[in-house]
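Once you've had a glance at the structure underneath, I'll fire off some questions.
Letters are used for the chains, namely A, B, C and D, taken in the order the chains are written, and counting of residues starts over at 1 for each.
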Amino acid sequence: MSFQNPVFIPGPTNMPEALRRACDMPTLDHRSPLFGQILQPALAGVKKVLKTETAEVFLFPSTGTGGWETAITNCLSPGDKILAARNGMFSHRWIDMCQRHGLKVEVVEAAWGTGLPADRYEEILAADTNHEIKAVLATHNETATGVKSDIAAVRRALNAAKHPALLFVDGVSSIASMDFRMEEWGVDAAVTGSQKGFMLPPGLAIIALSPKAQAAVESARLPRTFFDVRDMMKAYANNAYPYTPAVGLMNGLKQSCDMLLAEGLDNVFARHHRIAEGVRAAVRAWGLELCAQTPDVYSDSVSAIRTPEGFNATGIVTHAAAKYGVAFGVGLGEVAGKVFRIGHLGSLTDVMMLSGLATAEMVMADLGLDIQLGSGVAAAQEVYRSDSAIASKEAA
Amino acid sequence: MSFQNPVFIPGPTNMPEALRRACDMPTLDHRSPLFGQILQPALAGVKKVLKTETAEVFLFPSTGTGGWETAITNCLSPGDKILAARNGMFSHRWIDMCQRHGLKVEVVEAAWGTGLPADRYEEILAADTNHEIKAVLATHNETATGVKSDIAAVRRALNAAKHPALLFVDGVSSIASMDFRMEEWGVDAAVTGSQKGFMLPPGLAIIALSPKAQAAVESARLPRTFFDVRDMMKAYANNAYPYTPAVGLMNGLKQSCDMLLAEGLDNVFARHHRIAEGVRAAVRAWGLELCAQTPDVYSDSVSAIRTPEGFNATGIVTHAAAKYGVAFGVGLGEVAGKVFRIGHLGSLTDVMMLSGLATAEMVMADLGLDIQLGSGVAAAQEVYRSDSAIASKEAA
Amino acid sequence: MSFQNPVFIPGPTNMPEALRRACDMPTLDHRSPLFGQILQPALAGVKKVLKTETAEVFLFPSTGTGGWETAITNCLSPGDKILAARNGMFSHRWIDMCQRHGLKVEVVEAAWGTGLPADRYEEILAADTNHEIKAVLATHNETATGVKSDIAAVRRALNAAKHPALLFVDGVSSIASMDFRMEEWGVDAAVTGSQKGFMLPPGLAIIALSPKAQAAVESARLPRTFFDVRDMMKAYANNAYPYTPAVGLMNGLKQSCDMLLAEGLDNVFARHHRIAEGVRAAVRAWGLELCAQTPDVYSDSVSAIRTPEGFNATGIVTHAAAKYGVAFGVGLGEVAGKVFRIGHLGSLTDVMMLSGLATAEMVMADLGLDIQLGSGVAAAQEVYRSDSAIASKEAA
Amino acid sequence: MSFQNPVFIPGPTNMPEALRRACDMPTLDHRSPLFGQILQPALAGVKKVLKTETAEVFLFPSTGTGGWETAITNCLSPGDKILAARNGMFSHRWIDMCQRHGLKVEVVEAAWGTGLPADRYEEILAADTNHEIKAVLATHNETATGVKSDIAAVRRALNAAKHPALLFVDGVSSIASMDFRMEEWGVDAAVTGSQKGFMLPPGLAIIALSPKAQAAVESARLPRTFFDVRDMMKAYANNAYPYTPAVGLMNGLKQSCDMLLAEGLDNVFARHHRIAEGVRAAVRAWGLELCAQTPDVYSDSVSAIRTPEGFNATGIVTHAAAKYGVAFGVGLGEVAGKVFRIGHLGSLTDVMMLSGLATAEMVMADLGLDIQLGSGVAAAQEVYRSDSAIASKEAA
């Protein structure tokens, strides 16, 4: 595997050199006033990216999985009931985590390749007249299938059912790459990590809790210490931290937010959309299909591409790494061997994406798929050529 | 605060440039074979540093606090009884964590400045004929007081009482700086972090479980997912990870172990001892006293220095940072305002230490303490001059 | 201009991260023994890359231009006669330098796009029965036209004429990318820089002098001090340097040689050839022509591509930078506006090259040239797919 | 030699991490508009540091030695007469260079340890009624002896003699560390390098020519191409460069100027003076003497310290490196073995300096000199404590 080529996995993403440097800090005394000068702008920057003014942001030396655990252990109690849909590997894992923490999960099964069924949520919530359901889980972007769900619709379902359950959203592979409106959508807990849209190394769980979620913290009885947001809240007020913070990553997060906001969130989202459109045009040119079943659920951060019946899609990933030094993503869970994934989020340009598409073509041709070399590239080039206004404003 | 000067806090430590670079990796696909080439040597290296062949090592994107939580949530069940001594801020915090996880802690209070009372442990364990106590907690090095405890003695206490409790040891500020013999001492869970003796940035919890502790994992009923070692064990067997690993830090850990083992653990410990001896000689020359009450508990990684009655020791830290750009550690908890701390672990040379001592002298003189300039430096110089054989083998 | 995309200029090249780090050294006392541990392996490594055992290598904080000046000022005297061909911008500049130093240059004009006329050299040398010509200049690879010349043929011309003139070769854009046989070809002075095949930042002139050239140094009367190889030779013998060396670049050069030799020079040259073949296949697919007139002079490090009559080729470079953030090279001198150049030397993979070709296609289409999108990419993909054995051994 | 400790050589200096990063740039196309955004601010910044508005600045991939050569080859012709004083190794070397370039040098010998004899200059210039002397050389700071000369006095000598000779000043170890007033002092050529006061790696010669010197360029007949300022001037006007520029170092220079100007030149000079005063206080406390004979010539960037008769001062440097991993400077030329040098310029804090003094004490004691440990440190501490207002504003 060559470090010269970009990666095309759905995170960790390619990192801008400026952010790597921001993370690679000399040792800083986190009990000195300098720490607050990193912490506070990082928290403020994340709030802007999440489009919330009322939520509190928490940063843990952890990952998105730790972020999920933070949301549930801080807001829920043993035996609480949860509503969640399973439409891919990551929604599956979150459900599993809830069960391991002693929560009762009402699971709505949805086809892998479809979005969250907000209508089913509404039915179940409306039927839950005793309000036994304490939280609704929603995966904004299913990284395993390349499927984006409609969080606003989930909120409407809750509202229609007049249900007080908390809305927890996994935005790990959407936040900072696709539009996320924490306040407008009434999200109570938003979870992400450092290594996706924020273009940083892994190692930071990023969690935001709405005032309603914060209010639930005191009565929540699931045990936690490392992930206890109360300790964080108390410490943040003094520009401090309950234990040793991952200062470098926090400094990187501060700069990442600065970089994203300088580019403009709308431009960031448009860039991701444009690059994704190029990938989707290539997939069509290849005569293949996305795992995502309908255009309304196409993800702008990752595409899972179905390969023909009988072909082992995992071979594409292995061969691309071994022969061309390029990393793509394998299919997971139910779609293992049936799809391969192209990550197109984070620090990426049209030009870099074209090298990924060109590689995918060579790999598929090498493995005997009926792919015309250059066909997908040409389709993507058409997309990238036509959107010049934005192309020139690529992230540094 | 200037980044030009070394820090003299008890972690995070000064970092060798080679380790910063090892951590600052380009994006690597952690599902590719390259990951195993980082993971396995890192695990093997930690085992050598811990002097264990039978324990399993686990690396979490977390900190020492997460390491404590890993130990207790993976080996214990709600309501289990724990034995622990409180002789400083960090032993206090671990006790607090146990209580927040619903464990019953029998707390042995010990004076701050003394080591763990192994004799009291033995009495209590001997009296626990029903073996209700499931685990014994021991803080190897109390970072708050600069006190090292005798873990071998705790093991002897357990053995003398023929008690089957697990022995959990917090080695956060000792491991890789002072001798730690996991196997010989019969330690069941050893916990540390990346940012102390391993000279890396914070962000990695390092935990080792003995076969006996591993056997306890299946029956342990405290909920955990992020910190579940079962998922780690399963994944490690496939050179994989249950979620996104902090690859850079793991690569740093691999190189840190290589560096420590190349220097030779005995040389590493001797270097820490020599530098610490210089600091202690300086303290004596200043006419001050250590918080640590007797030489047998002097820590080789951090010294807590008592200032005269009525003097606010915290002012030393504030003034050193503001006027000289140098970071020392404040007193915590019971000794807040009464001590200041000089960290002398990790990547440090005699020469760097002398600049810390010279700074402390200026600061104390500035604040009106009766300190003769150059006196502590001279005392330390005598120590450092006389130990030439080792001095020339400083860590890179 | 985005730093995310590779550059496709004929130097400075893309740099492997390992080499950037080797150059970015902390301050080292160049009067300490450490300096020799960098200097000597760097000199030895360059000799291996040049395929010479008898030449002496000199490293100046300078560039290829300084290397030219080193060769002429150390071996020649005012009024000396020189034979040189002009077949591009860089051979022109070297001639100009000779003239500015008071040398008389017999210039053989050759069409831009052709190689050095060894037969003309032979005629002139044979006619120079008084051996007034003291040195013959030969540009191994004309960076301006993408033309490689046959240095062995120039040597044969000298031999055929039984002429004792020194043979000076500009290998700036060939050495370490294309085969260079200093000893076999009887080269007396070989000149290059750090920023091409050695994949380093600019700032180092690399010069090798044969024993015959060294013998000429004492009698040479052109004034020089900074570029005086006698001071270098004397200093090198003591692991020293006549003034402050560019230690970081020299450390980078040492590592670059290690990296090239570890890959294997034949593999390095084959990789450059394969990538170049892909570019040339793309050019043919686009229906365009190279500036280099015949396959025997095709350069494996840079291609100059003629655009249709009446089209301003420089616009391609400007547009690529402005819209797509990609750097190509403009035409220089006689071919300014008539060609654009694609550099394909140094740290480059097939995958990176494909992104350059894809970009060139978009740019040419944007500017109205009749280029079918994906056509050049497809042609290059065929080349890159078929050479799998080597593809997987890309430079790190 | 450990990279953990600071260096105390008179250049290359310790480098701020921010400047190392500025130099360690990804590859940039120097023919793109980005280059001008680095070049022009670098040139403008140097002019501010030199306190000139009318001079032109030139940046060569070279060193101070190349800067000397630039000054003489661009302004003088073979056979021209030069006036120069020799009071140390570096003034000696510049004289030697002039002679090797065919210039006639009238050498004024001055004791090593004294400054330039402006009165002797005036006598000689007054006697040169035919104005045969074309240039006067003056070394502002003799790095070999730690002696600063009075350039304003040299200008007064020229003026008093009404002599039109050009005034060339070697400011290699003074510029950006000590006050330098190009315009006020009527300096015609100022020469320095990147690795001293600018705190950068070596590799850049920095030259400024007054309008009068620029006017001399056209008629100067010494041959030069690499160092020809005419090519530079022409290129700079187009944001271009006559060959491949050392872009990273130029970017570093831009940031270095920003950093120096942000600190404030007066603060930079005061910081150097304060640190030097501490060193001098230590030397007195040790009972030793400076090579510099009188306080008016004490250099604020380097101190050469005489050791007792019969003691080999070079042993101090060797022993410090071998046993303590610290670099000091040896004596050169006439004072070889008689002095050792402590460099105290560039990126340095009081705290770092104290570790250098403490090391020097241990070394001298180790080698049998009658030095009281801590004595020099204490003397320096007194200096550093008393100057708190500036201490807290140290360069990052």
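Rule of thumb we're sticking to: contacts are C-beta pairs under 8 Å (C-beta built on N, C-alpha and C of every residue); 3 or more make two chains touch, one makes a residue touch a chain.
All values derive from a computational prediction rather than experimental measurement.
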item: Longest centre-to-centre distance from chain A, chain (CA-based); value: D
item: Interface copy of A-B among C-D, B-C or B-D, judged by whether over half of the contact pairs recur; value: C-D
item: Where chain A and chain D are represented by their mean Cα positions, the distance between them in whole Å; value: 54
item: Chain A and chain C: spacing of chain centres that average the CA atoms, whole Å; value: 46
item: Centroid distance [mean C-alpha coordinates] between chain D and chain C, Å; value: 35
item: For chain B, residues contacting two or more additional chains; value: 3, 14, 17, 26
item: Footprint of chain A on chain C - complex, ascending; value: 2-5, 14, 16-17, 322-326, 347-352, 354-355, 358-359, 361-362, 365-366, 372-375, 377-378, 381-382, 384-385, 388, 391-392, 394-396
item: In the complex, chain C residues that touch chain D; value: 1, 3, 7, 9, 11-15, 20, 23-34, 61-66, 68-69, 78, 96-97, 100-102, 193, 195, 201-203, 222-228, 242-249, 321, 327, 329-330
item: Touching residues (chain side chain C, partner chain B) in the complex; value: 17, 21, 26
